[in-house]
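What follows is a single structure, and I will ask about it in a moment.
Chains here go by letter, A, B, C and D, matching the order in which they are written, and residues are numbered from 1 within each.
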Amino acid sequence: MCTSLLYTDLSGSVYAGRTLELPVELPYLAAFLPSGTQLSSKAGNHAPLTYESRYDIFGVVVPNGSVEDLKVVEGLNEAGLNFSLLAFADTHGPDDTQADDVPVLSAIDLGAWMLAQFSTVAEVREALEKQTVLVDPLAALGGVVPPFHYTVHDRSGASIVIEFFDGERHIFDNPLGVMTNSPRFDWHLTNLNNYTHLSNVDHSSATLLGQNFIQPDSGIATVTLPGSDTAVDRFVRAVYYAHFSEKADGPEASLRQLGHVMNKFDRPKGASVYSSAKASALTESATRLTGQQPAQKPEFITEYTSWITLIDLERSTVMLRTYNSLGYASFDLAALKAGATGPKVVPLEAFDQGSPDADKVLLAL
Amino acid sequence: MCTSLLYTDLSGSVYAGRTLELPVELPYLAAFLPSGTQLSSKAGNHAPLTYESRYDIFGVVVPNGSVEDLKVVEGLNEAGLNFSLLAFADTHGPDDTQADDVPVLSAIDLGAWMLAQFSTVAEVREALEKQTVLVDPLAALGGVVPPFHYTVHDRSGASIVIEFFDGERHIFDNPLGVMTNSPRFDWHLTNLNNYTHLSNVDHSSATLLGQNFIQPDSGIATVTLPGSDTAVDRFVRAVYYAHFSEKADGPEASLRQLGHVMNKFDRPKGASVYSSAKASALTESATRLTGQQPAQKPEFITEYTSWITLIDLERSTVMLRTYNSLGYASFDLAALKAGATGPKVVPLEAFDQGSPDADKVLLAL
Amino acid sequence: MCTSLLYTDLSGSVYAGRTLELPVELPYLAAFLPSGTQLSSKAGNHAPLTYESRYDIFGVVVPNGSVEDLKVVEGLNEAGLNFSLLAFADTHGPDDTQADDVPVLSAIDLGAWMLAQFSTVAEVREALEKQTVLVDPLAALGGVVPPFHYTVHDRSGASIVIEFFDGERHIFDNPLGVMTNSPRFDWHLTNLNNYTHLSNVDHSSATLLGQNFIQPDSGIATVTLPGSDTAVDRFVRAVYYAHFSEKADGPEASLRQLGHVMNKFDRPKGASVYSSAKASALTESATRLTGQQPAQKPEFITEYTSWITLIDLERSTVMLRTYNSLGYASFDLAALKAGATGPKVVPLEAFDQGSPDADKVLLAL
Amino acid sequence: MCTSLLYTDLSGSVYAGRTLELPVELPYLAAFLPSGTQLSSKAGNHAPLTYESRYDIFGVVVPNGSVEDLKVVEGLNEAGLNFSLLAFADTHGPDDTQADDVPVLSAIDLGAWMLAQFSTVAEVREALEKQTVLVDPLAALGGVVPPFHYTVHDRSGASIVIEFFDGERHIFDNPLGVMTNSPRFDWHLTNLNNYTHLSNVDHSSATLLGQNFIQPDSGIATVTLPGSDTAVDRFVRAVYYAHFSEKADGPEASLRQLGHVMNKFDRPKGASVYSSAKASALTESATRLTGQQPAQKPEFITEYTSWITLIDLERSTVMLRTYNSLGYASFDLAALKAGATGPKVVPLEAFDQGSPDADKVLLAL
């Protein structure tokens, strides 16, 4: 459903690529939230947790009821902290053991909470140790708990994964910078022990039973890459491409190189389908929410890549390509800060034709 | 090295996508040749074959010595005929049995010859029956025979593959519209009998030995797709995506859908590498030709997707994305015809930033 | 349906292993035919081809109507020539262009014809050049042409494949000694160019994105072996095991080693099934022939390994294991010659319990 | 290194198959221990745990120093309880927190301990709850902790896996009856969610892009089986064959069917190799122990299937095939009980030729 990876260039600068796949379009917004914005999170009957943002934030968000309550799906702050929310079917959070008057953080607000206040993964980790987080049912999901896990990267390349399963919160160091979906992160790590044969060097000739054989094409090295679009196989391929992809020189070449890598995870409509009877709660609620519910339910639905982001953590820029676009829109946190007098949101489809002037489109609203 | 496929939209309109992969950049040009251009082909000691173009042509070409002698790598004419040249390691053409005073066509000129004169695959086939074609050594390749085969599509979706092997010319009907590289086309067709299990429907639950198992992600249908970047595996994947990809409505949505499909065949630098000692004659000559020869030969070289084209055969438009671009440049044969007073060529790198005004860039020269 | 391979031991002696798979049991017989036996072959309206055997033959045969007309499925003669008949769906032989009074050989009699008269593959090849062979419809198959191809090995390790397709007879040198089923032999050879990465050396550790991964088990080298039981995948695996399997010392150890290799091609009932509506003409006729036709046609049928032979070409011994046996029966051409006063046949099920005294069982009849 | 699975026949009777793979031969013994035998286990400085056997036991054992101290690798008791010890690289047991005067069970003695005293998995589970077990370093392994996990089956088909990892003892219910090696059992269970597409039904025809393709062979259903010999892939294949293998009628047919299934896991010498420098502590100590240490260390070593057992839990019989045999030896606990006057052990190589009279061989000693 989502593929997320870190790419490091020749000089060690860090870039993040991610895709988002669902069988429906959520009411995505591109959003700029300047530092000084008042934010809050509410979980269950607990007192709301309120705080003021210390950093400018740009991201792709989804409104929960109103534009006052934005949930960050993918976000970056001016300090180069990058947050991504990805689907995680095994989500099962801890019980609520706190008194109602204790303000707790709802897991769905992890993105806003950390992008607003922290500049590094280490800061996030430290703050989380003191912060109770509950996986709270979400009205926008029809009362279902949000089935997500969360990755956080910073400019140093440090990365963590936050997962709620088996009734506990788990924070994993992520030395690979790669995440996809279920199962739990450490299962994927163990799975890589089954891929020690991976190499990008073509072995293009062999002598078998005295006969010589020649592979006339390049690329036979990739024959052992797992082929499917499931989270498990995408995780392995993401590690492969993040590792073996040529290290480019400078941010422009690096973003292009990352773009080619992310194209490997671009999923066309129809490439795989499943019975619409098996649609997830997330899909069902999205269909209701956005009025995409067709008169007649289709027999099959297909997940596809709604959008891809390429993020330069060093320079705090975000490139974004929607499914309906053949090119990228570019956003620059410094330019947005310089131009914005307050929060700005615009539906993502405004960028369906790509746009070199995406900042202006956002600022114009 | 190259992946080529046809995509058909809801209304039956035909679109062609192709990639080109080499470990070097050839001196590619974007070229517009208006009808009425004088063209010729010379093979061995034969009298040159000369003809005048009846159709406007746009394409990606490579100069053979001079810009007067352009070799078409990918081209489209105003009648919607589309020609692609793809690498074919098994090339071995027929002996020259004609007298020197008989003008014969050099295989490397097949593109110019057919785009200039014909509007359908049927016309091409008929003309080929009367036309001797020789696989003539090419000066630009250091005297090696050009190791290519050739695909031709038209607006009706008709498609053929022209291959020279085992000392004979073969023209195959191509009911799939798909082509990659070696081995010969009919080998690939036979190979598809090993993929009768392909389906795009996810089987996401199973009971094995009394236990229920659930695949939490979408995409398990793709688990049987062959994973590698060799021509054989790309052929199967190209058939899969051409077949199962959702049929879009209208040219804009169709080109976007085709773009997502072609992203599956976008090969990043470094994804696979091979010893530079195994560089082909084509690579070696290209390196010489373009002055890309580095002071010190690298240990490994990597093939990557130099460019991708998305072609609307119905409307005679071409979209083109180079490796150095995150977006597409658009060309429209009608606009070029309207604006051009003669042939126009411009190096492909002029479009490295994508360009909605690509026609103007070309016409401005 | 059948897997056939040659194994060479430390001293260069040659051993042949083969399996036979069908969804039914044919009325297989173990047969000993001493030299001096009168044999004949009849094709269409042609005069019968008659000849006397010069070599003792042991083999697995199927009676065509009567025990007087035995068709060799797997056979060995005292000179170490080994013949195997394997299913070949693409069979399409040449037209009959000879006069009726010319005796021609029916393809189904190739085994008896060559085992009776020749000691080496070279002799077989030479004789075939002068011998017309027709793929004649077989009464026992309900008038269908026998869908088989034929492999011949000798003590030197020389090997050929005889196939009738596209209306022509093809004799291929088989430097690998491996054969399975469709498609044609040279297609399989080309396919091996897609397996140049094969190696039996485990790569059990890797560093990816700075992390070390260890495969705790042995065997990861085999991760790139194609997994399925189709002829195409079995061909590749047969080459792999024939090539990498440890070379043993002496015939006993070699036959055991070959036995382990052939176990890889032992197909259990139920491992794969298909609709009984897709049963082949061969299966249908076998079902009629042997009275195995059940009162109610099952929905699915399953191919399984009816029997496996391990042959020592040097010493002219045959080991045979039926599906109903957990051990092998052993036959020795020298012992059979010493004990037999004429041809001997016994149903194969006589050896369902294995038998160290198999020769005696055969001689006792 | 080991593959273990349960097969259930038409009437619900349960049979167990297992292989054992190492790159060396341990000094295996076939052993019969009648009820009433005095047994003990010693771990660290703890008082020995002593007990008398209540059930007759037959098994494959390895002497630890002397024949008085037998370690059970594979065993069956007269009540139909079946114990198997399999390699488990992740072994890391709990700390020793008991006083020295408390008798504790050494993990390596789990087999003898449970086969001697219990008749069902439920009894074993209950007894384990009260019994401290320590993973104690083993002299025979050069002081290394024995890297094993343990499976237990009973006649009802109940099955558990006992693993010591992360410093804790884990007892998993094993509803599949399948076990191989690392990683931990529940990882394998999760992995099966990636195989929900498994089916044994051949899909042998497909229409792709309007063209019909036919797979001429049977077996394409198996195309999605993972191909390698690593524990992870063998686990999936073992589940596949245990599930889809045809259910036979009666013990003889069932043992033959199980034999065909286990042949799929028979690993020939040379099929994969690894550097002898990576030999495990177990291999190293075995080489010392058995005097197999060659004058010159080989560059590569190969794991192969030392032996396979087929066990009828209902009738308490064991069939055993060593690598050096093409057939099975049969043991019957009732016959052994009837004939034996005390414990009997014989080196496993006594059965290298298979033997229908294996009981007598054992009783004769």
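As a convention for this text, contacts are C-beta pairs under 8 Å (C-beta built on N, C-alpha and C of every residue); 3 or more make two chains touch, one makes a residue touch a chain.
Note that the coordinates shown come from a computational prediction; the quantities given were computed from them, not determined experimentally.
Engineer: Along the graph of touching chains, what's the shortest path length in steps from chain A to chain C?
Structural biologist: The fewest steps needed to get from chain A to chain C is 1.
Engineer: Please work out which of A-B and A-D is bridged by more C-beta pairs in contact, and write that pair.
Structural biologist: The comparison resolves to A-B.
Engineer: Once you find the CA centre of chain A and the CA centre of chain B, what distance in Å lies between them?
Structural biologist: 34
Engineer: When the C-alpha atoms of chain A and chain D are each averaged to a single point, how far apart are the two points in Å?
Structural biologist: Measuring from centre to centre gives 44 Å for this pair.
Engineer: Give the residues of chain C that touch two or more other chains, as numbers and ranges in rising order.
Structural biologist: Each of 183, 193-194, 202, 204, 215-216, 220-221, 223-224, 230, 232-233 in chain C touches at least two other chains.
Engineer: Give the list of chain A residues in touch with chain D in this complex.
Structural biologist: Checking each residue of chain A against chain D gives 183, 187, 190-191, 193-194, 230, 232-233.
Engineer: Of all residues in chain B, which touch chain D in the complex?
Structural biologist: Within the complex, chain B contacts chain D at residues 175-178, 192-199, 202-206, 208-211, 213-216, 220-221, 223-224, 239-240, 242-243.
Engineer: Going by the contact rule set out above, which residues of chain C touch chain D in the complex?
Structural biologist: Listed in rising order, the residues are 1, 21, 23, 89-90, 181-183, 200-202, 204, 215-233, 241, 244-247, 253, 255-257, 259-261, 263-264, 266-274, 278, 300, 302-305, 319, 321, 323-328, 354.
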